[in-house]
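So, here come the structures, one by one.
There are two complexes below, and they share chain A, which is joined by chain B in the first and by chain C in the second.
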Partner chain A sequence: MITLIRCDDRLIHGQCIVRVLADFKIEKIVIIDDITASNPVLKSVFLLAVPPQTKAVILTTDEAKTNLREFIENNEHVLLLMRSPMVALELFKSYPELKQELNIGPISYRPDTRKITTYAYLTSEEMDAVNQLIERRVRVYFNQTIDQKIIEWNEVRDLFK
Partner chain B sequence: MATTEQNETLGILVCTHSSLADSLKQAIEMLMGPQENFETLGLYEGGDVFSLCEEIKKQVGNMHTKKNLVFTDLFGASPSNAAAMSLVDIDAVIITGVNLPMLAEVLTLRGQQQDLNDLVIDIVNKGKDSIRTITKEMLSKG
Partner chain C sequence: MIFWQALLIAIFGYCSSIYSPWAIGLLGGWYTMGRPLVSGMIIGAILGDIQTGIIIGAAIQAMYIGLVTPGGSMPADVNFAAWIGIPLAVISGADSTYAVSLSIALSFLGVVAVYATASFNSVFVHKMDRYITNGQLEKAINIPVVGQITNFVCRFIPIFLANYLGAQFVPTMVSAIPEWLGGILTLLGSILPLIGFALLMQYVVKKKVDLLYYLFGFILVAVFKAPIIPVVLVGLLLAFMDIKYSQVDLSSLKMIDQKKSENRFKLLDQKDVRKAYWNWQFWTLSVQNFERMEAPAIIRMLGKVKDKLYPNDKDAQKALLERHEAFFNTEPYIGSIIPGIVLGMEEQSAITKENSADLISSIKTALMGPFAGIGDSLYVGTLIPILLSIALGLSSESGSVMGPIFYVLAHLAIMLPLTWFLFKSGYSMGMDSAQLVLSGGIKDKITQGMNIVGLIVVGAITTMYVNVKTGLTFTQGDMVIDLNSALNSLFPNIITILLGLATYYLLVNKKMKIGYLFLVFIALAVVGYFTNLLVV
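== the complex of A and B ==
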């Protein structure tokens, strides 16, 4: 089963290992990222970063669109991890049975981004994807770790029109 | 880079979350005095792993050292992952879980002729062995 769907452009990193995996009792990480999936160096760096008790696979967006069902239907607690809300939108479109919630964690600053929270910056294209998710009735919220403040996109979206 | 004279000293870069690397450098210099070919880098909120990787390559390149050690704070975390990615382009070994005793060890030994692999083993052992516990029972009474 998919326990958490999360955008985090550092993919597997300290916060993910120290907090997210434990907080959600994650047994398997499914990374959906075209760049990482198609670059052997990046792929091995991120697979190396996975704690030994956790399983991990790295898929392209296209692979995820055709192969995600096995992760939805199995009994393991799965974390779906991707860099961008655009990828999330594609997955929600392909799999309407997914739990209609997207968590946005750290997404780094880029020159054409706007600062949504101290840790998450979005381009206008990414904001469009988030708005489309909202229209599909997917709850989109910003949160780094469960004990920190949650910011609902619905509450702040008017500031970023 | 090709025309630059290579420095024989072992280059050291400490790369961590936030300002830990800077503070570790300050702390070790308090013990051992000012150090050369010893650089630091921090990952801050909003920072990304690819930019950090580029920074690592730049900092190590600027030292013009033939061999390098990159110390990171947490295995699997972004500073460590960025350092791992940089290995395609720089000549370095990464040691994760940096602590002050490890830095004291490398700064003491790096001037001596020693095989890099042996040095790395020494540093890792020093780091592990330096973790001790002190309890009230260990204090002699009277």
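== the complex of A and C ==
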């Protein structure tokens, strides 16, 4: 059962380990990231960094497109974690049965990004992916941790034009 | 309060705010002097009453003990709560529970200072970019020093003014508080630490059955009247028994030792590596900004050794700094392995003349997340609160200096060698070090052990710092029975432990937000006061 689908460009950092795992009672993290999945040393650092009581799986985007069903169907609370909304779009396309909600957490500043909230900066490709998700009627919202205010896409839609 | 006292408090308060570099960055500042228990000792010394300072600091500390603020999500900031709340409480002779109630408002004001600083500092980061582009490298390296002005303005001035001016009317204000309001505030302040303890437990409790450790610590003190040191020893014993039966493989750490001594051609000597390490330690968050976070500190660290890496080659030096302008953010202390790795890789790349910019930047970016995760949970969320809990136990009721002194020494004695070890391993072994320090299950065993000790100690200080009673009585025939003594003969301090577990239940099982939890507690204090249901 996928409990939360989240974009966060640092993947597993303090917010994720300290807050998100506890707030959503996550039992398994599925990280979808081509760089991490294809570098063995990096992959093992990520797997070791996750707390022992939480299981972790790291997949490339292509692997995720074919292998996600087992995580959707089993009973564990699963967190789907990826760096960018572009990857999220691919997943929503491949699996229409996913809960139609995407949480965008912190995505850091890069030279060609636009500031959406104090913590989320998106490139034009990423904004385009968000727009396509909105067209597909996916609820896209911005939030770092649940004790902070949720910002719906609708409230910042002007930035996406 | 006279002028120089307010001035000294403002200087120390500023130096112990989260973005202040002067006391080895956060290590000696925010995470040491900035903890209200230690702040209380310093303020007490300045005002000539150390004991009162510590008692009030300890009360505020208890409430904020479980406050972990990862990745720029900041629900409350204890800087103003400590450096304005404690001194004003000391001079007005207010009860420590008063100070706790009033510190809540100040902690929200502290958050405003955090956001103001981190938003404004983008200006300095853009200045840094321009300096690098124009080849004014020394100026770029000094941005963390220059940019510190924002933090100075946001911290020193409010703390100084609030203390100097507040001292004239706060005591009158406190004495003008009507009895009923004073009673409610005292009651509220005496139960608020339960929120702090519940926040801490939410990170430490992994399985519901772990709550038994908490209960055990509570019983050791409430029933058997044990002081904190034996409680810690019992905790260590239980932790040891728990860990003993699972394998810990230390061979990976031995490999680090061997590899470190391997000789290789170097541009940097031991002194340069130290210099880089100290620059990272001091300046990590000095110009904290939402846009690039810790990038200016990486630039400063590399800038300090740029002449060794690329002697007399201005263009290469400029390129070096330019490629580290990108966003970088990790937990600075457990994460100090990453600047170490960056330094080592930049040195190798300067030797081989190979362009490894992409490799360095992708490793840096990939590692910042996992190490922030470990640092925030293991160091900020576990080690600091446990050491503070022990310290609170040492200072409970007596206001003894043993507590804060224990905390300062234990914290620095663990963190200074550990951060140097991590930085050095990263420098000499590169990315393999990241894998080696994590393999063998050492991190998980330490976490497991610390959680057990932590829960027992938190259970112990719960009953040391909170003692909620009921004032209800009932009559049986012509005998008036005091409900409180009746309950306590079943289980000493039972109302406190029930309220503590209820707070944990609301926070963890009902996922209640902290703001609402405060409201529930305020309501409880009001109702409790007027119905006599709860008394202090």
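Side notes on the structure shown:
The rule is simple: the second predicted complex is superposed on the first by the 160 of 161 C-alpha atoms of A that agree within 3 Å, B and C clash if a C-alpha of one lies under 4 Å from a C-alpha of the other, contacts with A are read in each partner's own complex, and residues count from 1 in each chain.
Rule of thumb we're sticking to: a residue touches a chain if its C-beta (ideal position, glycine included) is under 8 Å from a C-beta of that chain, and two chains touch if they have at least 3 such contacts.
It should be emphasised that the depicted structure is a prediction, and the values quoted were computed from it without experimental measurement.
With chain A as the common reference, chain B cannot sit beside chain C without a clash. Look at A:10: by the touch rule set out above, it reaches both chain B and chain C. When the shared chain is aligned, chain C comes close enough to touch A:36, but chain B does not.
Ranking chain B and chain C by residues of chain A touched puts C first. Look at A:53: by the touch rule set out above, it reaches chain C but stays clear of chain B. Using the contact criterion defined above for the overlaid structures, shared-chain residue A:22 touches chain C, although it does not reach chain B.
Residue contacts after overlaying the shared chain place A:153 against neither chain B nor chain C.
With both structures placed on the common chain, the touch criterion links A:92 to neither chain B nor chain C.
Within the superposed three-chain model, A:142 lies out of touch with both chain B and chain C [touch as defined at top]. Clashing C-alpha atoms between chain C and chain B turn up only in stretch 420-428, chosen from 132-140, 420-428 or 528-536, once the structures are aligned on chain A.
Shared contact residues of chain A, touching chain B in one structure and chain C in the other: 10-14, 17-18, 41-42, 45-46, 48-51, 106, 108-110, 118-119.
Interface residues of chain C facing chain A in the complex, by the touch rule stated above, are 68, 70-73, 75, 115, 119, 202-203, 206-207, 290-293, 326-327, 329-331, 362-363, 366-377, 380-381, 431-432, 434-435, 438-439, 441, 443-444, 447-448, 508, 511, 513-515. In the complex of the two chains, the chain A residues touching chain B come out as 9-14, 17-18, 41-42, 45-46, 48-51, 106, 108-110, 115, 118-119, 121. Residues of chain B that touch chain A in their complex: 17, 45-49, 51, 73-78, 80-81, 84-85, 88. Residue ranges on chain A touching chain C, taken from their complex, read 10-19, 22-23, 35-36, 39, 41-42, 44-46, 48-53, 106, 108-110, 118-119, 144-148.
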